[in-house]
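Paired with chain B in one complex and with chain C in the other, chain A is shared by the two complexes that follow.
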Partner chain A sequence: MSRYLMPLLAGLILASPLALADEPKRGGEITIIYRDDFDSMDPAIGYSFQSWTPIKAVFDGLVDYKPGTTEIEPDLAESYEISPDGKTYTFKLRQGVKFHNGRELKAADIKYSIERTCNPKTQSPGASYYTGIIGCQDIIDGKATEASGITTPDDYTVVFQLTEPNATMLHLFALNFAFAVPKEVAEEYGEDFTHHGVGTGAYKMVEYTPGQRVVLERNPHTDKDGRPYIDKITLQFGVEPVTGVLRIEKGEADTLGEIFPPAKYLEVSQNPAVKGRFLTVGQLNTNYMSMNFNIKPFDDLRVRRAVNMAVNKQRLVQVLNNRGTVTGQILPPAMAGFNPKFQGYPYDPEKAKGLLKEAGLGDGFTTELYFQNVDPWPRMAQVIQQDLAAIGIKVELRGLEMASLFGTAGKPDGAPMALTEWYADFPDPSNFYTAILGCGAAVEGGFNWSFYCNEDIDARAKAADALADPARAQERIDDWSKIMIDIIEQDAAWVPLFNSNRFSLRSAKLKGDETIFTDIISQPFNFEAAWVE
Partner chain B sequence: MPTYIARRLVQALLILLGVSIITFVLLYFLPADPARMVAGRTASKAQVELVRMQLGLDLPVWEQYGRYLWNLLQGDLGRSYLQRTEVTTLIGARLPASLLLMLGAITCELLIGVTLGAMAGLRRGSAADQTLMVAALVFVSTPQFVTALTLLYIFAYWLGWFPIGGYGQFTHLVLPSITLGLLGGGWYARVTRSSVIEVLRQDFIRTARAKGLDRWRIVSVHILPNAALPVIAMIGIDVGYFMSSIVIVESVFGWPGIGQLTWQAIQQIDIPIIMGVTLVSACAYVLGNLLADLVSPLIDPRIKLR
Partner chain C sequence: MSVWRGLLRRPLAMAGLVIAVALVAVAIAAPLIAPYSPYEQFFDGLTLEGAPLPPNERFLFGTDLLGRDLLSRMIYGARTSLIVGLLANGIAVLVGTAVGITAGFLRGVVGAVLMRFTDLVMAFPALILAITIATLRGPSLGLVVLVIALVNWGPIARVVYAETTSLAEREFIAAERAIGANTSRILFRHILPHLLPIIIVWGTLGISTTVLFEALLSYLGVGVQPPNPSWGNIVYDGQSYFQSAPWLVFFPGFAVAALALSINLIGDALRDLLDPTLRGRH
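Let's look at the complex of A and B:
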């Protein structure tokens, strides 16, 4: 009897603190590992998945996403109202919100912060998102210093007038470029604001040492139903992700802020010791190959379709240790508007050869494929090179460093084919169109590397984005879904390849609901929502 | 001597000027567009052009270079395009780490390389010599990544003797220094060995032996100092190398040196940073070589600096 009783008792004794440990609690500190320095902690400047989550911790916007979801909720705003014509947004601010320097946030700060993003002196990479607010374009053009479309009837009300209805406007207010900064601090430090960031967020930035670390401390004045929990978060720069994984396994660090190192994937995914702490996460990402409509023979639909049918995506993903999910469409599964029924072009080299013959290219042709010269792009390029060789297309590989790739593929006659990926800035299908498939982006220096411009599609896209009425949200998503499928089915503007997954590994002490670590908005996780044991 | 140093410094300035012109022009002709990188992926063409103008990238290359040089003479290396931070701040923050690692690495290289090289040279042709030389070859040819990760895995992860990378304490310095010591020590061993063999042939060694001096004294007083000259020249070169080119070792050990900054900047064509680190590295090469040349006559009085 006692033989069985003892382990049972031991189990009970062990189990009770574990049960308690699953309750969120305040305190503790964690370290997050990054390979490189951030671009910036200034919300008007930071434009990388690495900097976005820390910026979100230090600064707040009018609205935010509920942790672990893509659902928008008021943040600095207490409530908001959209006019029936979709052109006026009125936000009521919460009272008593304070910047880390102790000053209360007022409506004027919201106005200033967005005007600062529009101001060409700031050189914000997000300025173009706000040109729909009346007056922002005038600031960009140097005709005004203030936006006439942003008004503050009182200290706790801010009103935005838009040039036209924009269904994605709330997402834009949730982006860091619209986060509130105190004018006096932003102007005191100018371009060095990144090292002296002061916001209203759940965390204060107490240290920024370039090349080494950023240290965040819990803001004692923030209390969102008990959140945030963790007292101190150190963002450690300059550590190779492989080393980072070793440190996490040893408990010397808590998670990676970078892309998980491919070299460690197989080992870690099969390690029973990290079970439950190593998660595969979908993200708003699609990897694809562009085919430049300006360069022969890619002006021929049959050739673009042939290339689509010649690439064995399944094998491509296998070469990458299954770190992605094969796709035949533009939108990733995590995005509203994704059509699970649409398979895209099947892998069919014979049919592809037939299409080439129809196009008068039965003997094949020679072309070039551009890509970034860091893993895994060269491996992907080689697989595609072999696949296309099988239907008679001879591909010369051109690996370049990132900036030169952008420069070359962004030229109208630059790259016949290019490998790249797109991460959406916000969870709306429109963000997968305008900058990479829209006519406006089919210009030199743009990111529409196929130089695809279908005016009919462009008009449908504009119409969908003008459907700002929340009651018609589903109709709008359905429109987008059809647009995205037509781009592939009718025009074969890309070869969609796969949606790459993110991998989240965390230390044993870092706790939280699983949805916190599989969040598609905040990578590696929403700093406000997790806790330590 | 002072005239010699002055002349070398003037030469150094000319070298730096040359390096800066070549780097600047090469960067100018890359297909990348820094203005687009700054303006962001959704910016309109007009916005990109505005940024180009603000950064002065619309000017002819010679005018751009002229402006750069003018600011440089006033100690202004400009601001990083992407981090928007002063390049001097970025380099300054990393300089101490780079210097410290340089010191640690050169010490290890000398300890490992000179010891092994001397042992091999003194027993030329023996089994020990051959083993050591094969070992040196292996160390030299192993990729940095492999050596660094192996040491990290064994001594930090598995045995737990050292922290798994990082910066700030002496224990953090040990493994990266040994890694670089092993990688570079192989070269030092080969150079020391041939140098020792060369010295062993000299008449004064025979004389010393004939006098009946003990073996240790011959090695320490007569052989090593005479064999040291090529090694000192190598240190001079290493000083420059360690100031910018040890990206992988820095990255594996999380060491915040200049190499990492260089790598990041090249990926993003952050021209002000690339120019800054190139100049710092060129300075280090020039100064390292100058120091090596100044030290040589102290060891071998036959060398005269003119």
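Let's look at the complex of A and C:
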């Protein structure tokens, strides 16, 4: 009952004079808890969900997502224009934007920053995203230091020429890897730029003590309709998430930058004291099990379908305290192109046994399942082991630490089956294909652990991504939706398991619209959009 | 023999002996006494929210995070833990004592070489050693025993070496030599009995840490792999649920403590009975 009453009550409270207390206001400080130091605060390098949002606070890109949504809006750019053939992007920059060191941002900085990401010396994990810009590949290959496809007709105009139209290009400009850095500072510090980051963002990095903390202070020159609000944000390292949750409950810290600890979930979700401050958040995430097409018997479609039907996903999610939603498809519900009508393969061990018999494996077979040796993966593996045993497949479990898992499962004949998950880098269905299901990723060291490569599907995927005309956006999404369903229905390339949820717990003093704390792009939340009471 | 009679006269030692024998019996008879299979994930072994069940009539020790019977898992886990705790530690004590006593008694070049070798082994990071061997040979219980023995014998050898060198200087050893006793008589009749207290202390102290070290090795993919239970990995998996499901840590933790305590009590009594300096007192 209360589920229906609460929004009503909230509406009443908002309408009353008391609502004034809930108005955003400037000032105050907060602490966010992390377990370990960041991989990097350098926008070209940082590629973990922990550093992703802090980098967005310190640096800006040409375009950005509206807080709490997946809508793109101009940021450093004032406006942009896409040529009718979809191959030329022209950005007009806002004038008077200053880096934290006082120098004004010019078009040359945008050009430099993207070339820096392409440059192999930078070792950016995002370099391959920009190979569609003419000249980036030459920089990657060491044949050039500048990209001929990036030009700056004047100080406030930057033009990108693409090799072919790319419907996801604006998302790529909104990624951290394309964020503006000042050349003089980046070159002065080189690899140590992570500890001396200077950007144009809403927050200045005033302190970075490795292993201890990063301190961000509000940039007085930034004013986006009053945002940002909070004066000082301390990112505290070295606190176990379980301890972090206790500190947030006691009001000594304000939110957690890590994944919410599974061990605390039941306790906190049933604690009335944190009601309204503990939120379940959908993410652009799918957990799945790969089945390697190179390893027998997974080259047989019937076997892959049988495995799909043998896994009791409902039980799997129950074991994980319902911290996810069962799925039968590749795309998560929050992603455009998700088909709510498609259920995938039903749980049907009897039918699965029949399929194995048809494949000549009526007596079952023995295989291996690889996974990361951190809770909850071993538990998931054991549930699946029991499910597959029921149809005669004997599964040997291979728990490895992350780097070894990536090494083994990334080998063409490495892992027969592997458990993993994918978080989208940007909110577009193509991001769930190219890196994890495309033919180009079915190589050693890639993330296509099924080593799935269907030339026909690959051609359809390329065609969909070339539909850059905004007027045909819906057509493109529909194409992707069909591609994603065909991959499961016709080829059974994975066993899609569930979409895991994120959990957001915050202190009583940290305020903001609920959409800010359920943001898909920025977790735990967009630093610019929340305030302190 | 008098040792046995001595043990009978010590109630604490007898209690230790009873516990140890009981644990060994449980491990051997696991399939007969375990109420359920240690692997079966009961559909009703978890609440609707997926929380493990506290101890109840059906599951005496409650269930674990996958809805399996904790008591059955502990009964089967006793096998792993006893093998690792007793065997690995036993090997470590034997090797450590042999090396330490030889080096301490002979000294000279042989002693120096042996002790530098001990330093070398001790300086080598245990976990890296374990992972290297596991990568080469594949994970197994034998490997866990081997790794733990390799890691643990060094400190014992050091302590035994130090004690032997000091014993060898004492007057009663000099007297033995003077009356023409041979080396083996000096070693086994005089030096070894004096070393027993330290050896027993190290041997029993090692058991509880060894059981937990086994869990760590399993976690790194070296040792017992899921779903096979061991006391160590049950504690390891359950430790962060201490507040919401304390039985996951309490029961296996108690079992480890009971094992260590029982061995300690027996060891303590044996030391009293065998220590020549205490003989005939009390």
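Keep this in mind: the second predicted complex is superposed on the first by the 515 of 533 C-alpha atoms of A that agree within 3 Å, B and C clash if a C-alpha of one lies under 4 Å from a C-alpha of the other, contacts with A are read in each partner's own complex, and residues count from 1 in each chain.
Operating definition for what follows: a contact is a pair of C-beta atoms (placed from the backbone, for glycine too) under 8 Å apart; a residue touches a chain by one contact, two chains touch by 3 or more.
Note that the structure is a prediction, hence the values are computed from the model and not measured.
Clash-free side-by-side placement of chain B and chain C is the outcome of superposition onto chain A. Contacts of A:Leu320 after superposition: chain C is touched, whereas chain B is not reached.
By the touch criterion stated above, A:Asp375 is placed in contact with chain C alone, chain B being left untouched.
Judged by the touch definition given at the top, the superposed model places A:Asp37 against chain B, while chain C stays out of reach. Once chain A of one complex is fitted onto chain A of the other, the partner contacts of A:Val242 extend to both chain B and chain C.
Once chain A of one complex is fitted onto chain A of the other, the partner contacts of A:Ala403 are limited to chain B, with no touch recorded for chain C. By the touch criterion stated above, A:Val383 is placed in contact with chain C alone, chain B being left untouched. With both structures placed on the common chain, the touch criterion links A:Gln212 to chain B but leaves chain C unconnected.
In the superposition on chain A, A:Ser124 makes contact with chain B only, not with chain C.
The wider contact with chain A, measured as residues touched, comes from B rather than the other of chain B and chain C.
For the three-chain overlay built from the shared chain A, the minimum Cα spacing from chain B to chain C equals 5 Å. Once both structures are placed on chain A, chain A residues 242, 400-401, 404 are touched by chain B and, in the other complex, by chain C.
For chain C in complex with chain A, the touching residues are 39-41, 43, 46, 48-51, 65-67, 219-221, 225-227, 237, 240-241, 243-244. By the touch rule above, chain B contacts chain A in their complex via residues 30-48, 50-51, 54, 79, 82-86, 89-90, 93-94, 97, 149, 152-153, 156-157, 163-167, 248, 250-256, 260-261, 264, 266-269.
Across the complex, chain A meets chain C through its residues 242, 261-264, 266-267, 315, 317-322, 373, 375, 378-379, 381-383, 385-386, 396-401, 404.
Residue ranges of chain A in contact with chain B, taken from their complex: 33, 35-40, 42, 45, 47, 120, 123-129, 140, 191-192, 194-195, 209-212, 236-240, 242-243, 246-247, 249-250, 252, 374, 400-404, 406-408, 410-411, 414, 425, 434-435, 440, 443-447.
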